[in-house]
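Okay, so subunit A shows up in both of these, paired with subunit B first and subunit C after.
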Partner chain A sequence: MVIARRAARLVFVVFVVTFLTFFLLDRAPGDPAEVKAGLNATPEVVAEIRAELGLDDPLLIRYFDWLAGAIRLDFGESLVTEGFTSWELIREALPKTLELMILAEVMAIGIAVPLAVTAARRPGGTVDRATSAGAFGLLALPSFVLGIYLSYVFGVQLGWLPTIVDDLPGLNDDPLENLRQMFLPSLTLALALIAIYLRLLRSDLIDTLQQDYAMLAQSRGLPERRILWRHALRPSSLNLVTAIGLNVAGLIGGAFIIEVLFAINGMGRLTILRVAQEDFPVVTAVVALLTVAYVTVNFIVDLLYRVIDPRIRDGIA
Partner chain B sequence: MASPDVPVTDQPSPPISRSRSVLRLAFGPLVWLSILWIALLVFAAVFRDLLPLREPDELGIRTREVEKFESPGWNAFFGGDSQGRDVFSRVVWGARPALILGVSATMIAAVLGSIVGMAAGYLRGKVDLVTSILVDITLAFPVLVLLITVRASFGNSMLVFVILFAVTGIPPYARIVRGATLSLAEREFVDAAVALGANRRRVVLSELAPNIALPVLSFAFIGFAIVIVAEGGLAFIGLSLDEITWGQLIAAGTGDIQDAAHVALLPATTMFLTILAFNLVGDAIRSIVAPRQVLTQRRLRVSDDRPEVAPNGVLRKETAPPDSRNERVLDIVNLHTTLHTPLGDVMAVDGITLHVNRGEALGIVGESGSGKTMFLRSIIGTFALADVSRSGVVSVAGVDMLRSDPATVRRTLGTCIGMVSQDPLTALNPVRRIETQLVEPMRVHFALDKAAARARAIELLRSVGLPDPERRLRAYPHELSGGMRQRVTIAMALVNDPELLLADEPTTALDVTVQRQLLELLGELRRQRTMSMVLVTHDLAVVKGYTDRVAIMYGGRVVESGPTNSLFAQPRHRYTVALMRSVPDLSLPSHSELEVIDGLPPSLVNPPPGCRFAARCPAATDVCRTDTPIRQHVDDDRWFRCHHPVEPDELESVPVQVAGTSS
Partner chain C sequence: MRRHSARLLATALSAALVAAACGGGSDDAEPVEVEDDPIEEAVDDETTDTDSGNGDVDAPDDEAEVADDPPPSTAAPLEDDDQLTSEGEGGNATDVAPTPGGEITWGLGGDGTGFDTTGAISPGSIRVVNALADPLVGLDPDANWYPNLAEALTPNDDFTRWTITLRPGVVFHDGEPVDGAAVAANLQAHKDSPTTGFNFGPVSTITAVDDLTVDVVMSSSWAAFPYQLVSQAGWMVSPSTIGQNETMVSTGPFMLESWTPTDSARVVRNPNYWRADEGLPYLDAINFKFLTDQVVRTQAFEAGDVDGFISPNDTDIVEWLDDDTVDVWIGTAGANEALIMLNTTTPPFDDVRVRRALAHSLDRQFLIDTFRSGLTEVADGPFNPSSKWFADSEYPDYDPAAAQALVDEYEAEIGPIEFELKVQSDSSIIEVMEVATSFFADVGIDATISEIGSGQTVPLAIADNFQAMSWFQFGAPDPDRDYVFFHSTGGFLNWSNLISAEVDAGLDRARQTDDFDDRYEGYAQFQQALATEVPMIWIDHLNGVEAAVTRPELNGIGTPGVFVDGAPSIPMTDGNFFPWTSVWLEQ
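What follows is the complex of A and B.
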């Protein structure tokens, strides 16, 4: 019941966001018909194309037409790249973005969780103070500044890693080269995430460790490591899961700046390029995809809550 | 001059006025440096035209003043870029758009966000729901697409940027203000003011301003940093202002990072330092509002100051006579527990000596705040977030719990001690099944295999009277009632057949009928297993019915001790008498007045000398306020610490009875 209501609300969000995008792009100064017709087109040709694209219909009708297609992943043809549908362009960009996102999340979680657990073990201790200061500094580093620093150190000074992703081989063809190229961008993304995840989990863990049950676990003579990982981590991870969900959803839309900085042809660069070219069918498709991703990930996070905390499942907490 | 030999920690810290110490904590040297940096930026932004700098767009390759990719040096502090432009003057030039954009966007967002937040917090209900859906939409909406579209439609003037960043910056302010409004609207003084005829809205509004000013200001600094970052991000995508901005400098320099890294690195570092400075100041302001919990390190130390000396001053060669040693499951000698807190040292346990024989039940009685729970914690060595030192001797089944190695201590905890805590609702881990929790100690301490541990778990649950134990094993704690949960925690305490059961007010949180059942259960289990028990409670009836001996605790000390029956038959300490008089006597008419003990238990931070009870004691004299009373023995097992003990004939005039379960 709760799940159904939540799902309904999320579907509503999808409609609103896609409609708003549709509306915004309709207001934008560019005319898709002119874009498609090219520079030397006569007004008659433009009018013809307008009719062909259905641009003379009222906004609402056009929105529902688009929606009907979108459900079948038919977002229309690209106005700029002849002979390609929007979906085909997205399908080319999405894997790189997804790889970047997954690598970054894996690194971030893999580093942040053990650090947070170690820091929470002795709040105010050396590890805790060092990681807190580190996280504070990282949060003040915009991704492009961090990316430049990392490129400078690992790419220019040490010369270990390429500073741009150039002709990325497939993960199946040459996984080592692929990972070598993707390492710096993923690390740049991951470092910012580590700061966020570390802070969240650390403070939730400290709260949990002060609960009666954590102290009683100690009184049973269980090793501290076991108490931290098996007793405290799970009830402390709800906020962390929420943050990860939001980030994953956002990153599916492309890590715009990282993609530009490291020249990765992912969703972010696709969006930037297509907005500049006024290739609106592609832009709308990207937005729709993003919104659905956000909504879906949110829904999954909701479900995860229920797995993590059985009380939520039963509607108690 | 203070001699360096004197350890600072030994000095009792003088009381500092709270506000000043908070300010000092919040505004460390880093924060002052940050303020200085921000002042420099403002100066650069305002006076950039008056400074002796090169024209930022002057092409060095033409004027020959700055070379292409010139390295940083005296000629050009930050070097030259790809066209020989002076990077330093370009960075200084960028301070103005950064400040104009940041300050105006932040201010507009803060004002609009506060209005939205107040409306949502004050009206609640529908507005709240609408706001939360709006927030969902904003979060789902790809802000960058919005920015790009709007910019494409309306151009890239400063005004468009300010509006864009202001609108997208609203939600966090709305959230902060909504929270403050909600908590304020629920406070009693608002109701009180309304009852006196004040206009509710006006009360809330007038109280709100001071309450949200600092949080909003604090976030404004962080919000400013966010705007700077956002501008930089847009510059990277090629969508920034038509001015020299830091973002554009960084973006333009990135392509040359192989040949002339300084062109990108120096503006990037300027931006980084600026963001760091604004974050630090924002953080400092926040810590004024909500002083960061000064986390004392979680530490457990043993300080060995004179463990041999018993409180009565007699040197003890051994903790107990050799022959009685095996009989003593718990032997405590002169235990001191000190919590080192930012407010001072708390003497939670102040020299306790007692023991529990095999199969014996010892009751520990006292008001809340007398140190009972801290005493139990001192035995097992578990404290929440605290820096704790213990001294003296705690020996459980012959194991020194203070000085043995951690593995031995853990083993003793797991196999010799069982613990039942006060609140069954918080005693079990809410996300683990009963089975997992029950089986774990067996597997850790005895390496029992799964099936055997499970069988034993079922048997244990049955022995504590839980119906249908196989099914309960699969349950989560929240699926059981309070009484059932306490039975589970008792089963968990018994899991490894402990010799000693520590029960901290095990029935206080339960209703009366369940209390009786559980106490009977505990007594029966104890007899079956010849297990010793320490039962901490403030309920005299419970002590009377279920313990053999009793220790009365007050202010972190044991003030009177002896066999339960003889102690209550003839109490000697005046605190014991006061406790007994505060118990309702069911045999008296219902309108009989109940005596209460005036005042509160003493603060254990820098406690006064002498008898801790002196301040509340009717018989106190000067000696009580200066000298700590020593132990006076009535016989081997019966003693008290009082300068003016209650004489037997005194009690005749005021009958004292303990209503209780007769055993």
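What follows is the complex of A and C.
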């Protein structure tokens, strides 16, 4: 019942965000009819194209027309790249952005969790102090600065890794080459996340280790490693999971920047280029898809709480 | 001195504000590609990406110490008058036999939008097209037209009919013959297209006489018609694919293997190339990678991930000119001019006094020294001084006193001079225009900058919805290409709306003869008329800040190519649209 209520809320939120997206982009400067008309942008031709594209219809009618198409993944033709639909361009770009984001999350979690556990084991110790300082440093640096620096050191100076992603093979086709090209971009995106996750989890672990049941486990002589990983980590993960969900938006924004830096043909680079070219159908489609993805991820995060913490599932917490 | 120090301060503040607002956005700008086709230029609002880091210009500590002259140029010394070049260790050795084979990756600054030869093609696509298509006509090193894919072009006595003779045995990438019917179909499609048809204004009929002959009949004399076939109008595609945007089936040395919009394109050797018996092309494949960010392109080049690219960044060019491990080729023509387009039918620019005042008020050398590291030359018109068509004109010099006098005269009669200057949202353009408006303000002309999207310039110009607008165009190796942009009746794209009998007379005279002296006089008349009427405020010729930067092992970029009969063709960097046929890689 709770899940059904939340699902209904999700649908409502999707309607609201897609409408807002459509409305805001509709009000943005620039005229899609002029973009399509190009050199023929006389007032008569522009008016004809506006009629053809239905741009003179009321906003609500245009929104519902668009929504009806969007449900079928028909977001209209690209105004800039004739012969391609918006969905074709997005379909080419989406897997790369997803891979970038997933790799970044996996890296961030894979690095932050062990470091947080190690730091929480000895609060104030050498590891704890070093990781805290490192985290603050990473949080202070913008991702594009980090990306340029990493690219310069590992790509230009050392020549170990490519500075751009070019002709990226699929993970199924050539996983080593794929990961080799995506390593620097993913690491750049992951570094800021590592700092956030590390700090959050470390604090929560320290609190959890002071709980009665944790101290009981210690007094019963259970190995420290077992206490940390099996008994303390899970209840300390709520904030981490929340942060992962909330950071999807930040991850998307960060991916935009990283994709330009490393020339990854993902959603971010597609959006930035098409905004500059006023390719409205593509931009509308990307923004709508990303916002729907964001609210959906947070819906899943909500559900995950109940899995992680039985107290929430049983209504105790 | 006080005014000069204020300008220096304005320059520094402008750069700081723009960099803060846009995050140093000069790196994000799409550079102007070396281009002279009016379609691509008209619809392309890519701009020169100049470095906003003009840290050489500091606000003076003491006004009394400020010299009257602009700050010293930081440009590298020029090696010769005709071409700026810096060869790396590999060089473009002409005494070494080309090595066949190999692949290169070329970094493009602009996104490709497709390959429809009857539509608007972006410079990003044109670079790829130049590997896919041989135009009917090429250019020799003196920028004279020369048969290329066509075997011959023969006019009648009064240039009202041109007969195109084709080469036997040439086929498209799909194996279809390049015959009279195919060429006629292509030319007809170009003429019928609402996007490209204006290029063929005087063309009446196009007829395939036989398999190897096409007749083109004009409604009026057009001696310069072959120059139209040097680029888009001259790219022939297999007739069944005319109008297709997602692919290009043409006759060139390479075939399109793949194209991912906003990302990359890959072309591979054409085994049925009509010049294959000469061993052409040398390369096996070219990978074009769209890298819109200047920093990304530079790092990719330095890391060896791309073998070359066009750099519009003046400070980078200066550094590379001193770098022996890199080849730098700066062409002498083919690049755009930077200017401010004025709408001569809209107040205040319907008054020539205001236009001339604006021109007199602008210290263009200051802009060049500040924003181009001194690498470019002042422009007095659309022709580069290196062009054989260039003629001295009496374009208004920097003379604030003369500007002030004109402003005073206008204000006494009509009122204050105010206008809106529309500028593309690009920090490298905005900062130049900000300083330009400070010059205008010095003589009492109040200009307000409003930012516009990169895709808005052409629609605004067509709709006459502007008073003044930043603009980048011209630079065609042959000036007949400028006809459509200046002629008052034959100029479909007369952006400034200038109606000038002198301009028309000069252009008409030059179009109707193939005698060099006659054409030169016509274009001299045209240039002088522009200098008198000032429908545009010229700033500089941008070839100085559009350098092809390559690793030394890459040859054939800055040196002349060769036509099928052995005659030399114009170098790639001088307005020849990068024919990749003769490029080779030392291995």
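One rule holds for everything that comes next: the second predicted complex is superposed on the first by the 308 of 317 C-alpha atoms of A that agree within 3 Å, B and C clash if a C-alpha of one lies under 4 Å from a C-alpha of the other, contacts with A are read in each partner's own complex, and residues count from 1 in each chain.
Following the convention adopted for this analysis, a residue touches a chain if its C-beta (ideal position, glycine included) is under 8 Å from a C-beta of that chain, and two chains touch if they have at least 3 such contacts.
Remember, predicted model here, so these are calculated numbers, not experimental data.
K.L.:
Which term applies to subunit B and subunit C once both are placed on subunit A by superposition, clash or fit?
P.N.:
Overlaying the two complexes on subunit A (C-alpha atoms) leaves subunit C and subunit B clashing.
K.L.:
I'd like to know which partner A:34 touches here: subunit B for first, subunit C for second, both or neither.
P.N.:
Second partner only, subunit C.
K.L.:
Just checking: does A:80 make contact with subunit B only, subunit C only, both, or neither of them? Give me first, second, both or neither.
P.N.:
After superposition on chain A, A:80 lies in contact with subunit C alone.
K.L.:
With the two structures laid over each other on chain A, which partner does A:151 touch: subunit B (first), subunit C (second), both, or neither?
P.N.:
In the superposed model, A:151 contacts both subunit B and subunit C.
K.L.:
Name the contact category of A:241: first (subunit B only), second (subunit C only), both, or neither.
P.N.:
After superposing on A, A:241 lies clear of both subunit B and subunit C.
K.L.:
Name the contact category of A:94: first (subunit B only), second (subunit C only), both, or neither.
P.N.:
A:94 sits against neither subunit B nor subunit C.
K.L.:
Answer with first, second, both or neither: which of subunit B and subunit C does A:55 touch in the superposed model?
P.N.:
A:55: touches no partner chain.
K.L.:
What is the contact status of A:109 with respect to subunit B (first) and subunit C (second): first, second, both, or neither?
P.N.:
neither
K.L.:
Classify the contacts of A:159 with the two partner chains as first (subunit B alone), second (subunit C alone), both, or neither.
P.N.:
A:159 sits against subunit C, while subunit B stays out of touch.
K.L.:
Of subunit B and subunit C, which one touches more of subunit A's residues?
P.N.:
Between subunit B and subunit C, the winner on subunit A residue contacts is B.
K.L.:
Pick one for A:261: touches subunit B only (first), subunit C only (second), both, or neither.
P.N.:
both
K.L.:
Once the complexes are superposed, what residues of subunit A are shared between the subunit B interface and the subunit C interface?
P.N.:
29-30, 148, 151-152, 155-156, 163, 260-261, 276, 278
K.L.:
Which residues of subunit C touch subunit A in the complex?
P.N.:
Touch residues, subunit C against subunit A: 28, 30, 39, 42-43, 105, 111, 113-114, 116, 119-120, 194-195, 198, 244-246, 260-264, 266, 287, 289-293, 295-296, 299-300, 302-306, 452-456, 458-459, 462-463, 493.
K.L.:
Considering only the defined contacts, which subunit B positions touch subunit A in the complex?
P.N.:
Its residues touching subunit A are 133, 136-137, 139-142, 144-146, 148-150, 152-153, 225, 229, 232-233, 236-238, 250-251, 254, 257-258, 261, 264-265, 268-269, 271-272, 275-276, 279, 283, 295-299, 380, 382-385, 409-415, 417, 419, 421, 423, 426-432, 440-441, 444-445, 476, 478-479, 489, 492, 495.
K.L.:
In their complex, what parts of subunit A are in touch with subunit C?
P.N.:
29-31, 34-35, 37-43, 45-46, 78, 80-84, 89, 92-93, 148, 151-152, 155-156, 159, 162-164, 166-167, 260-263, 265, 269-270, 273-274, 276-278
K.L.:
Of all residues in subunit A, which touch subunit B in the complex?
P.N.:
9, 12-14, 16-17, 20-21, 24-25, 27-30, 121-125, 128, 136-137, 139-145, 148-149, 151-152, 155-156, 163, 206, 209-223, 226, 231, 234-235, 246, 253, 256-257, 260-261, 271-272, 275-276, 278, 283, 286-287, 290-291, 294-295, 308-311, 314, 316-317
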